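Following: one structure in structure tokens, then a few remarks.
Letters A, B, C and D mark the chains in the order given here, with residues in each chain numbered from 1 onward.
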Amino acid sequence: MIDFLSEILLNEPVAPDFYRMRFTLPETVAPLPGQFFSVKDEQPTGTLLRRPFAFSDVGDGTAEMIYQLRGETTRSLARRQPGDRISVLLPCGNGFPTAVIGDRTPVLVAGGVGLGPILFLYTALKAEGKKPLLIAGFRTAGLIPHSVLPADTVVCTDDGSFGFPGNTVTALRQQAAHRGTVLFSCGPTPMMKALSLFAEEFSLDSYVSLEAMMGCSLGACMGCVVPVRSGGYRRVCKEGPVFDAGEILWTSI
Amino acid sequence: MIDFLSEILLNEPVAPDFYRMRFTLPETVAPLPGQFFSVKDEQPTGTLLRRPFAFSDVGDGTAEMIYQLRGETTRSLARRQPGDRISVLLPCGNGFPTAVIGDRTPVLVAGGVGLGPILFLYTALKAEGKKPLLIAGFRTAGLIPHSVLPADTVVCTDDGSFGFPGNTVTALRQQAAHRGTVLFSCGPTPMMKALSLFAEEFSLDSYVSLEAMMGCSLGACMGCVVPVRSGGYRRVCKEGPVFDAGEILWTSI
Amino acid sequence: MDIDLKVKIGNRYLPNPVGTASGTFGYGDEYEGLYTPGKLGAVYTKAVSLLPRDGNPPPRLVETASGILNAIGLANVGVEAFIEKKLDYLLSQPVATVVNVAGSSPEEYLRVVRRLNETAVWGFEINLSCPNVKQGCLAFGTDPRNVKELTALLRNETDKPLIIKLTPNVTDIGAIAEAAEEGGADAVSLINTLLGMAIDVKTARFKLTNRTGGLSGPAVKPVGVAAVYNVSRRVRIPVIGMGGISNADDAVEYLLAGAKAIQIGTGNFVTPGLCDIVYDGIVAYMEEKQLHSIDDFASLLRDA
Amino acid sequence: MDIDLKVKIGNRYLPNPVGTASGTFGYGDEYEGLYTPGKLGAVYTKAVSLLPRDGNPPPRLVETASGILNAIGLANVGVEAFIEKKLDYLLSQPVATVVNVAGSSPEEYLRVVRRLNETAVWGFEINLSCPNVKQGCLAFGTDPRNVKELTALLRNETDKPLIIKLTPNVTDIGAIAEAAEEGGADAVSLINTLLGMAIDVKTARFKLTNRTGGLSGPAVKPVGVAAVYNVSRRVRIPVIGMGGISNADDAVEYLLAGAKAIQIGTGNFVTPGLCDIVYDGIVAYMEEKQLHSIDDFASLLRDA
């Protein structure tokens, strides 16, 4: 784990309220898809704590995130210029367990701010020669960040204004071959809850990347926990953010 | 008193650590030299309270201040661009009592952040046809904001690297005709203390603009007081910031 | 929608729940033009004591992280000058004038209340909680027995609304509130400032001449909300909440926690027109959540 | 210049005054690589209780203005797993391992201390001040008699440094500190978190499942500094200061106020390498002001 003073290289909108930021990384770290970093802007943002964001791409001593304007930190970040500096604590968390895929088809499902890590996973799997299926859901056509989506993305809109009309879970249901697939998803909790019900129904392996309020982002404060079926809690920043969906006590979150 | 959402029109360095900012004013207010305003940036600055600054110029629905980078607010302000917005509470305080001048020569003494209000007073007195003598002190030649100083300014430097070698009070002492002058000054407390001793020595009228930590900037909180000779305290934001130097209990500040 | 903003305190009604916290709004006149008359329900005045007080030597104020420390020391004009010079302006406004009363002995509190009871002030807020003066105030406010006795003494003197203002610098603020209720108070208001200190490390000097000061502002909001929540479950009289309110949501948070009215203190310094914003925000919230009266807020609160 | 950073607590020396506050640094291993060994003087562990504790249901954390509220609920592995899995790493580091001990009865505190006393831990910090669990802790910590008795009980059990950690949620923290001193404590540490609450107005729900939480971070620094100043004038044993330290100046401020050592809590979350920065800053300050030992700080303090 290192705390690196990174330089912003690019910071641009990709859809309404969605930005993409590219920034420098130390050459020595090679974050995995699903891992995240924890940001503190060098300039005042009106907030105290660092904020966790997933990598959406990594390479050549740089990394990228896709972030949504939600509150003060993200609004402040959106005002920053190339050359400004942010402190990034990284790499955090476990990443998606791609080794489990074997010769099954990885199905990647993204909703909202979950798009970043899923895109990174998509790129990595492609590079390994796998054939991932990418499903991404949006509220409406106007919110789709076309510039960052691979051409073969199955795009869904809740209001049917673009692509598949309906949510990602419905889209998934309409795909033929469930048996030979493994699910990887990141998005709003209701989406991931629905996906894990779906996975149970068809006895699919399903891995979800969860969100939680974080204190330390590195496993020390016990602030970021989720309840698990086996009793007690797991830390999203350390044992997660990616969990086997079957482990999570969905009824309590 | 109004709280106005002002637009920054210009924000540029005029000397190391000194900036000049021009911003819009409502047409209905006409602040006087020595009056001040209280700023809150619309963007996060890392500070809670407003900060008081004196007007250095007013005209055509705009106003100007000259400010020194001291802490978080001023450093944040220096990063703002034309078009950004600040909330300004104004006009605050009493202003310099120019009516007392009569046919005496107004001698204006500025040190450090006191330059702004003294420049405004200079401009106003010139416009009235008066012949103010302006003395401005700096630590060293490199810190002089030549672009904002009138050509006839008596510039002093502590290290003698430009203009009069020595501080403003010594420069003042060397001026011939003390009897027919009235002093107006703004600057560091030690300078104003020395000036009021000087004024007492020669029985000159002397008006000083003081600094104090402010809560409300409008007379309600009793936070910004200075001790006075007659006993008790006066509010810098309301009875001040300009005081008859003879009123102040200099031994207690 | 039919919205009733009135708040009953004792035998009177505040026109709406928005008030300005004592010591941050002077006697109202300085803020003229910065708020819309009618949107401000009550002015809680700067503390008024029997005799004028100069207050503490400066510096009296210092900024801290999301807060300020003040050591004003109850600087005020005294009850006679208040009546002579300040009261008329306040009474000419469409607000409830609640006089914050400070004293260094029960006798002194009594005499200020007795004197003001003859005037048209709306009611009293008894400051048992100022950490910035050596005698009185805080000393009274930390002992339930004292609080009960002093409240009863003043209750005997006036039929106007009698509000006891509580300090958070105690082990059990609920017990102090209960004592005020038993003594006959019509309401309690909380929180006053937290005891704090700041030292300038460059000079190794205290930043306040008084050494300690009272902490207020957004930094203390969580402490205020917890105190209001706890106290409002211990007493039946209304609770007036404050501490760090800097926007309408903060005010709503206090109402949800159990307050029936709120006060804005340090927030006035940052946003002089804050009471307008808070008033509008409370109304908008009530419309959105279909609340008809201030009493409806508390029943809205749900577990996480 | 000759600078001695050692701090005597009971019969032992902390190598330097910089420590990490309990609950924010786990058992040290998670922060590996983020600080320079030797610059961190002591790790005050996450609370250790007799049996493992799951802690409170999430959400457990919420950010407030310049602070955070936490309701972790003393989630920890329990004393046996601590010894088995966590202690070796800590003991392998050049730091003093101070175990923060929590319990819901005097008996439980006693058994944890007794068990750990057999190990090579440096000393104990007894948590009488956690606001996030129903039983024990805070209940003990607000009554001087309980504090004195419990301290004496544990003193009887160990010769290692015994530090009593105090809550700021009391009327007179000095009286609690005196009770700890009378009970035989080697030091007191303060402040633990302030009781607080936050409500999400959009949903009208508590932000923490536990409803209340403990407030920490820069927001509480003035409260911590005032408490350290007051307590250090009431007891002869060393005071360990904390609350909102987020840079070297903050640490120096506590030392000037009378602390002999400091702890960094929430600051670790923002700046994981903060103990290095604070260590360097303390040394630089001592050089600048010509201070030879930590004891010299207190005599530097001057009036405003």
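Structural remarks
In the analysis below, a residue touches a chain if its C-beta (ideal position, glycine included) is under 8 Å from a C-beta of that chain, and two chains touch if they have at least 3 such contacts.
Nothing here was measured: the structure is a model prediction, and the numbers come from that model.
Where touching is counted per the definition, the chains common to chain A and chain C are B, D. Farthest from chain A in terms of Cα centroid separation is B. Each chain gets a centre from the mean of its Cα atoms; for chain B and chain C, those two points are 36 Å apart. Mean C-alpha positions place chain B and chain D at a centre distance of 46 Å. Separating the centre of chain C from that of chain D, both taken as means of CA atoms, is a distance of 33 Å.
Touching of two or more other chains is recorded for residues 59, 66-67, 217-218 of chain D. Residue positions of chain A touching 2 or more other chains: none. Taken as a contact graph, with one node per protein chain and an edge wherever two chains touch, the assembly forms a single closed ring in which every chain touches exactly two others. Pairs of chains that satisfy the touch definition comprise A-B, A-D, B-C, C-D. On the chain D side of its complex with chain A, the touching residues are 23-26, 30-34, 46, 54-55, 57-63, 66-68, 70, 72, 75, 217-218, 266, 268-273.
For chain D in complex with chain C, the residues that touch the partner chain are 59, 64-67, 69, 142, 169-171, 194-199, 201, 203-209, 211-213, 215, 217-223, 225-226, 229, 244, 249, 252-253, 256-257, 285, 289, 300-304.
Chain B makes touch with chain A in their complex at residues 43-46, 72, 76, 79.
Partner chain D is touched in their complex by these residues of chain A: 1-3, 40, 47-50, 87, 89, 212-227, 231-233, 238, 252-253.
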